[in-house]
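Two complexes, one shared chain (chain A), two partners (chain B, chain C).
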Partner chain A sequence: MTKIISPDEANQNSSFKSALTELLYQLADDDFILAYRGSEWLGLAPHIEEDVAFSSINQDTMGHAVILYQLLEELGEGDMDVLAHSRAPKERRNAVLLEKVNGTGTYLQNPNYDWAFTVIRHYFYTAVKKIKMDSLKNSTYQPLADAAARVSIELFYHMMHWRTWFQQLMLAGGEARTRMESAISQVMDEMEGVLTLGPKGQEIIKFALIEHDQTLKARWQAVMIPVFTSVNFVMPESMGMKSGNGRNGEHTADLESALAIMNEVYILDPAANW
Partner chain B sequence: MISEKPIKGMMTLNNIGSEQEKELILKALYEVKDPEISSISIVDLGMMESTEVVGNTVKVQLVPTFLGCPALDIIRQNTENAIKAAVPSYEVQVEFIHHIPWTSDRISEEGRERLKEFGIAPPPRKLPETGIWEVDCPYCGSPYTTLENLFGPAACRSILYCKSCRNPFEAMKPLFTNI
Partner chain C sequence: MTKGFYEEYEVFSRRSDTAPMQYQFSLLAPNEELALIMAQENFMRREPASDIWVIKRSHIRKMTLEEKETLKRLDNKDYRNTKGYGYLKKKWRKYEQGMLDEKEIMSWGGNQP
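Entry: the complex of A and B
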């Protein structure tokens, strides 16, 4: 199909637009919520260099959410701050895996966060995101293809970062290995939710906005298997959506509490200019 | 200080009627500095994509270095203010564009020098096959340096250490489209 080069042109085809906005909400909501979960490690990361690095990664990721919400705003979906802050949990399209808390406790009280879970979640997600961005470079919606090319460049360093943590902790032995293996199975239980394009997937694929989710999944596995082999572990084949399909608006209480914290200041005065 | 070499994005300035105004706008753009690196202008940093005059409006297109950079709004405002001050009779429109990615090679030769002056090493010119960076210390010039942290205090910078003069320093993180 021919490229759609502008929001105006996209708005002339309602089924194209509906598939496009669905995909954009998935991509934007994924980055938005994971950037928040990442930022909850500020001051708590295993060492100070990681604190600096992880904060920088979260800032990049929130920047990616911004550019994606901006694409939605340009399509007439509403003000990007409202899209980010004021949509109810059931309207959110992020994968459930990405909304899950980092561990027990809260940021202010007994934050007993799980670094192994964080490393696995971020590494697996970033690898999927890189594959999606590379596929989106050929998207039929040109503004999305442009944004993807831009985001993809920054992901190079994120990938390097999480792969390093993954390999070092997996090869460290002892408690590290045990906790990493348990985190892998925890993340794989939800990983399908990151890869699925949701109920409008067929439409998204039909309009060639991105490639088929099965293609993306196979490509992701092809990227991950050699890394698993390098740490003497067999990558699990099965994956699921144990806590629900976020692309359908199914979410957990973890999303509600995260949004409540994130929106607290925004809701005080939505018109304020920060 | 205006570099002798032609700068990307400057060509369309020729559309402006008066030579004097063209000169004023150019000068103004060189006055807009990175808010966190006061020695380098946004022109030398390679953020400028185009500047043109349409009717009574000066339109500037900028390319963000990193998407999550919190300084972007400040840079937009400073650019607007600088041009308004230089040519008060014109309207000014500054926008960030995303269809052209910012890459390290957009930094001018002048810009590379200005970064060093601030204690920041310019980015490696290209990523060698090995993935190892060759970065000279901005203080003593020694190539005997190590990468301490890919991620630095700002999205665009990494933290390195010079084993010769034993100074920690920052380097611009290299970005290329083929990575």
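Entry: the complex of A and C
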């Protein structure tokens, strides 16, 4: 398929555009909600320098969401602030894994967050994201290929950061190892939801916007297996979508409460100029 | 250099007690005691120095070529570089002006019979 080089050109082919916007919502919504979940660790991370490092990563990730929502705005989907803040949960396309709370309690009351779950979720997601971005560099929608090349630049650091935490905690033994192992199975229960391209997957693949999700999945496993071997653990083969398929608009109460908190100030005055 | 008797050391020094520690050069020495005196005698005879540090090069965790890729950043982070809050003065003046006007209007109302 020949490359589509501009939003105008994409708008001339409605089935291409529909597959493209579907993929863009998945990518943007994934980064948006995970950046928020990450930001909830501010002041709570288990190490003071990690607090700053993790916050920087969350800002980077929110920056990636901005780049992706911008592509949607250029396609005529609406103002990017509205896309990010005002869409109902059922319109969201993010994987359910990424909307899940960090642990029990809330930011303000008894935040009993799970660092092992956070490390595994961020590490596994970042590794998938890197593989998707590498594939998107050859996307038939040129503005997306360009965006993927930009986003990839910061993923080297994100990968090194999470791989280091993963290996250190896995090899620490004791409670760390136990909690990490339980977080791995918790995350694998939902991991399919991150990898799937959803109900419009066939269309997305047909237009060569990104490679087949089975190809991406195999590539992800190929990247992860040596890392698992390095920490003496057999990577689980099976994965699922235990709490639903976010690409279908299926979400949990965790997403609703996250959006309500995130939008609290925005809703006061959506037209305000900050 | 054959590995064994001599090893590479990196030398740091500061010119005064309040100056920042700065990287200077490397040298070969059989141990850190000799590295320290070699650093002092060979390179700092004419330079004032208030402190010298030496460390075996192999003890320094350096970045690999691949790791250097992690240092690249996107140019979308203006918010991390606040250039002071100079604009606030102007903003305050505008609002103070607004309050003054309101006060004035109120006082006109008060003067009505």
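Just so it is clear, the second predicted complex is superposed on the first by the 274 of 274 C-alpha atoms of A that agree within 3 Å, B and C clash if a C-alpha of one lies under 4 Å from a C-alpha of the other, contacts with A are read in each partner's own complex, and residues count from 1 in each chain.
The criterion applied here is as follows: a contact is a pair of C-beta atoms (placed from the backbone, for glycine too) under 8 Å apart; a residue touches a chain by one contact, two chains touch by 3 or more.
Bear in mind that the values here come from a model prediction, so they are computed numbers and not experimental data.
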Three-chain arrangement built on chain A, chain B and chain C clash or fit: clash
Which of chain B and chain C A:V52 touches, first, second, both or neither: first
Contacts of A:D146 with chain B and chain C, given as first, second, both or neither: first
Per-residue contact with chain A, leading partner among chain C and chain B: B
Contacts of A:E154 with chain B and chain C, given as first, second, both or neither: both
Partner chain in contact with A:L42 - chain B first, chain C second, else both or neither: neither
Chain B versus chain C as contact partner of A:D60, first or second or both or neither: both
Partner chain(s) touched by A:A253 [first = chain B, second = chain C, both, neither]: neither
Segment of chain B intruding into chain C (one of 2-10, 92-100 or 128-136): 128-136
Chain A residues contacted in one complex by chain B, in the other by chain C: 59-60, 63, 66-67, 150-151, 153-154, 156-157, 160
Complex interface listing, chain C residues touching chain A: 66-67, 69-74, 76-77, 79-80
Touching residues (chain side chain A, partner chain B) in the complex: 49, 52-57, 59-64, 66-67, 142-143, 146-147, 149-151, 153-154, 156-157, 160-161
Chain C partner contacts - residues on chain A that touch it in the complex: 59-60, 63, 66-67, 150-151, 153-154, 156-157, 160
For the chain B and chain A complex, residues of the former touching the latter: 66-70, 98-99, 101, 103, 148-155, 159, 173, 175-177, 179
